[in-house]
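In the part that follows, the structures are each spelled out as structure tokens.
Heads up, the next two complexes both have chain A, just with different partners, chain B and then chain C.
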Partner chain A sequence: MKCYIGIDLGSTTTKALLLDENFNALGHGITNSRSNYETATAVAKQEARTAARLTLFRRGLSGMLDSGGLEALMDDLESNIRLEQFLEQLGDLRDTCSSYIKNGDGGVREALNEVFDRIETEAPEMFKRGARRKSDFFRDIAGSRVMHIGEEVAKDAGIGFDTIINLYDKSIIDVENRPPEGGTDVKFARAFARAIEGAPDMELDETKTKAALRQAIDTELEEAYVVGTGYGRVTLPFPKEHIRSEILCHGLGAHIMYPNTRTVLDIGGQDTKAIQVDPQGIVENFQMNDRCAAGCGRYLGYIADEMNMGLHELGPMAMKATKSVRINSTCTVFAGAELRDRLALGEKREDILAGLHRAIILRAMSIISRSGGISDQFTFTGGVANNEAAVKELKKLVVENYGDVTVNIDPASIYTGALGAATFARRAVEH
Partner chain B sequence: MKEVSEIVEYCQGLYDDLEFTAVREWKDAEPGRRVIGYLPVYVPRELIHAGGMLPLGILGGGENLEVIHGDAYYQSYICRIPRSTVELAVTNRLDFVDGMLFPSICDVIRNLSGMWKLMLPDVYVRYFDVPQNYRDDIGGSYYVEELKELKQGLEGVCGRKIGDDDIRRSIGIYNDNRKLVNAVYDFRAKQPWKAPSSEVYILMRAGMVLPVEEHSQLIQDYLAAAEAENRPMRDNCRIVVQGSFCEQPPLSLIKSIELAGCYIVDDDYMLVARWLLEDVPTAGDPIANLAESFIKHSTETAAKYEPDGSRKGKHLIGTARSRAAEGVIFAAPSFCDPALLDRPMLANALSRENIPHISFKYAENSGQMQPIREQAGTFADTIKLWSEA
Partner chain C sequence: MEEVSGVKFDIDRLREHLRKSAAAEDDFVWVLESAKNTPSPIDAYFGGVYYIGPIFTAFRGTDHAIEYYKLLRAEIEQRLADGKGPVTPEGDLGEEKYRLVVEGPPNWTSFHDFWKMFYDEGAVVVASTYTKVGGVYDYDGFRHDADRPLESLAEYCLGCYTNRNLPSRVKMIETYMNDYQADGFLINSIKSCNSFSAGQLMMMREIENRTGKPAAFIETDLVDPRYFSPANVKNRLESYFQMIDQKRRGGGSPAVAA
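Moving on to the complex of A and B:
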């Protein structure tokens, strides 16, 4: 089947989205951008293809299971595929690490194997349905486990923890820059077996299910056209005519998600964009942050690092605030200093965080005003749109300034740019 | 007698109030009352007062105003005061203001006057174009005409003729106010521990929104109360703040300078109250008198052209000497052309006189005081070390 692919190469993450001929999203994938756009593109695309096969499988199963059972099976299957991929990369990491061990360093080799054995043993638990992971990126999961387990093992084995860290640091870059092997077939089959195993009471017609799976795997996903966009788009591994500007893609993507959208706000890692689109989703006017990346997503990243918290924990903590400390600067570089200043003055963490979120949104409001304000439906996209505290502030300010307009936020809004790009790809073939 | 804390609290309330409640109440108290807003750095408030109207000094939105629409009116590489002033207007916080004067201080303010005309066509708007030539026969006669035109415009707002006697009376009242303002500055310079700059600052800010008579009374109350209060003297150095004549620093910045070990013994925060250096004569042609005072006896500032390079900085040096200041802190708004272009010339003049100086920039909503404390503190320490050496 013909597929149209959009790739959005962001400063922090790279997203891919697969569209079928009827403009239905088949699947999307995301990975950290690293500093290797080519690999990031390949990985995101492969994730999207895997997701697309899951969608096909789900379609094939329709009618065979009640919706609860179907969801459960799909969830299990997805988790198990992630587990398979994780184990594959973990194996690669193990091999790469040991290739860096000097001959004769038997103790280190033994310790390293111990570390990887333990991670491998605990992996199924990490990928169980409903298990919470701080991140789905291999680097993040593997990194934190190696740190944790490595320290214990090194201590017991009487070798320096540094040795293990050094090996990891050297190897992770190699591993990240090697896109995982294809082998969809095997991975799917194994994941499927595990998923079924985990749900023995599921009433499934095995022959039919297997046939559906076979079909999902065997369907050829032909890349009819690829369009790339995003921060790194100049270095996208595509010819020029396959590249569209990020703003165009965002505008169109938001339009596809919510056809009545007239204004789009996207807050990404390094920029904030306010886009006005016409009824066809074509950009009429836009504004971006100028001067610097103050008040963009990366700012929250710094704050999270500074507070030793996960990025996704900031919003919930800010929601606990009883007041909002006024923060006037959204300078990323000074963020840490400002934070410590406020803490030293005795302000509570949650109140400071509420103030930080408000500061970001105020900057965005100002960019929206510059682009022409909000007249009709308003769509908020980008990583920051997943942050509940930011969303709360934004909604409040939108109502205060523009009245009761509809505010759209899609949980998958991070794929807006990729969706726009894929739509451009589909249209390019059409015309 | 009123306590210092009582007066300070009252002034702080006025300072914090972005709705200008006190001015609204003044206006509502009697039908037909009019309010004329003005921006830095100087307008002849006497003329507004003579028409029975209240001059309202607008110094931007300060650190607590969130600017959402104001940014859309300007490019990013200019100061913040015009953005926050636009924000005040588009959020209807200035909807009671009947007229606005925009003094010729820089292009930003000039453009703001044009925007005001477009935004609020029903409001009397005047770009108050003061001379940059100080010869009686050129700048002097030009300025007389400018004042006459302004008077006419103001008459249109208050709906009656503004008579010479009215103006003479107002001149007298503002002469008194100016003397009192100067008395506060003298008092602070003599006993800075008794009149912290953050207090003096909001006391002067009160003069931007209160009727002048009330402000004069407030100053007298403050002087009496501050004199009576015993406060510990600290081992601070004495400095003059220069360059803050338009967009105002946040109050926390003024506090930070003092906390870091510097007593501010003079400043150029609200020059309108101290623009004229001498009393304006109350006898004779009042317009001519106002013009003469402007041409011959006005202070020196970046917004005023000094053709004789060798005279540049004379006033600042004079202030530093007469106030026994040990140094000068140039604190200018970011992107403020007048203040920042003036600074090197003034700094050279100070260096020639061996008066130490440092400089930093701020915005009215600067939130990080750590760097300010660091710089002012270092300055205070080095001044001490130099004087010991």
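Moving on to the complex of A and C:
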């Protein structure tokens, strides 16, 4: 079948989305941009293709299972595919680390194998249905586990923890820049076997299910047209007409998600954009931050590092605040200093974080106002839209400044730019 | 003044300079207004800053200026006759895709990179306000007048673009948008010159409302290289050009075979 692909190369993450001919989303994929847009594009696209096959399989199964059973099976299958991918990359990381061990380095090889054996053993638990992970990116998961387990193992083996970490640091860049092998067939089959194993009480017609799976895997996903957008779009090996500005893509993507959208706010890693669109999703005006990325997603990334927390943990912690500490600067450079300053004054972490989220949204509000304010309906997109503390502040300030306005936030809002790009791709062929 | 400069005031010499100045001004205005043609034979911003050089600096009221503008006019007349677009640092501009009116000074520290972002996309500036900062000769027909030497010098100063109030600047830009058949209005807002930057967002809204044409806003500086972020400016400009395109087509993508 013909597919239309949108790729959004963000400064932090790279997203891909596949549309079918009827403008239905088949699947999306995301990966960290790792300063290597080419690999990031390949990985995100592969993830989106895998997700597309899952969608096809789901379509093939419709009517064969009740909806609860179908959801459970699909969740299990998806988690198991993630597990398969994780194990594949973990194997690569193990081999790469081994290759850096010098001969005669007694004990290191055994310790390393012990670390990887343990991660392999605990992996199925991490990828169980409903399990919460700090991040879905290999680097984050593997990194935190190697740190954690490596420390114990090194201690027991009487070797330096540094040795293990150095091997990891050297190897992770190689591993990340090698896109995972294809082998969709094998991965799907293995994941499927695991999923079935995990759900013995499910009533499935095995022959029919396997046929549906076979068909989902065998369907050719032909890339009819690809459009790229985002911060790194100029690095794409595409002809110019395949590249679209992210402002147009976010405007159109928001329009497709919520057709009554008139104002869009996108807070990405490097930019905050306010976009006004007409009833057709055509951009009428936009404003964005100047060269300074203060108050963008990257600022939250620095804060998370500074606090030794995961990016996804900031919002939930800020939600626990009992008051909001006033933060004067959304400057990324000064963020650490201001944070430590408030901590030194005895403020609580959650209250400081609440203040930080408010500061970001205040800056976004000023950019919105420069673009012409908010008209009903208002759609919030980009990675920061997944942050509940940011959303809470935004909703408060929207009501204070613009009254009762519908605020749309799609759970898949991070794919808004990729959706716009894929829609442009589909339209380019249609015309 | 005589004491400080050591030169005796000679009103006849002043009249002579004003007469020469007016002669150069005629040809200069002809060159600026050549941009009303499609395609425009000049870029009235990036090229324009070269054209204003002699008259705004050392050569006003001299034979050198008269000669320069005569030569320039002849050259532009030829380009027009040949149907050529503006000259760029990389030769003649190809297809003219977007006609813009630009408000605000250029970015001197990355002038070439900045210009390239326009000519690579086929964007031509058909009128600019920066070229009026040292005197407005086209809009209300001002000329230095040898018969009213002191009065016309005073009128010159009062008439310079940044000495006018915001409503008259908006009116001037609106007239340019219409007379030069511009596709859009672009503001380059800079940090280091408040005579320009104050009130620019209001100006943008007004022009959008009055003309219905898309407007955009970029931020750089004319002297501080740290304020020029090429990726950011390029992003905004490309978005703006694609926005003009999208509006023209009423949505969608350019037609391309699969």
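Keep in mind that, in the parts below, the second predicted complex is superposed on the first by the 429 of 431 C-alpha atoms of A that agree within 3 Å, B and C clash if a C-alpha of one lies under 4 Å from a C-alpha of the other, contacts with A are read in each partner's own complex, and residues count from 1 in each chain.
The criterion applied here is as follows: contacts are C-beta pairs under 8 Å (C-beta built on N, C-alpha and C of every residue); 3 or more make two chains touch, one makes a residue touch a chain.
Everything numeric here is computed off the predicted structure, so don't read it as measured data.
When the two structures are aligned on the shared chain, A:225 is found in touch with chain C, with no touch to chain B.
In the superposition on chain A, contact of A:327 is made with chain B only, not with chain C.
Look at A:211: by the touch rule set out above, it reaches neither chain B nor chain C.
By the touch criterion stated above, A:147 is placed in contact with neither chain B nor chain C.
In the superposition on chain A, A:285 contacts chain C only, with no contact to chain B. Look at A:248: by the touch rule set out above, it reaches chain C but stays clear of chain B. Residue contacts after overlaying the shared chain place A:399 against neither chain B nor chain C.
Partner contacting the larger number of chain A residues, of chain B and chain C: C. Once chain A of one complex is fitted onto chain A of the other, the partner contacts of A:370 extend to both chain B and chain C.
Looking at chain A, you'll find residues 290-291, 370 touch chain B in one structure and chain C in the other.
The part of chain A that touches chain C in the complex is made up of residues 224-225, 227, 231, 241, 244-248, 271, 280-288, 290-291, 370, 372, 424-425, 427-431. Taken together, the chain C residues at the contact with chain A in this complex read 201, 205, 208, 214-217, 219, 227-229, 231-232, 235-236, 238-239, 242-243, 246-247, 250-256, 258. Taken together, the chain B residues at the contact with chain A in this complex read 63-64, 66-72, 76-77, 363, 365-370. Of all the residues in chain A, the ones that touch chain B in their complex are 290-291, 326-329, 334, 337-338, 341, 362, 365-367, 369-370, 397, 401.
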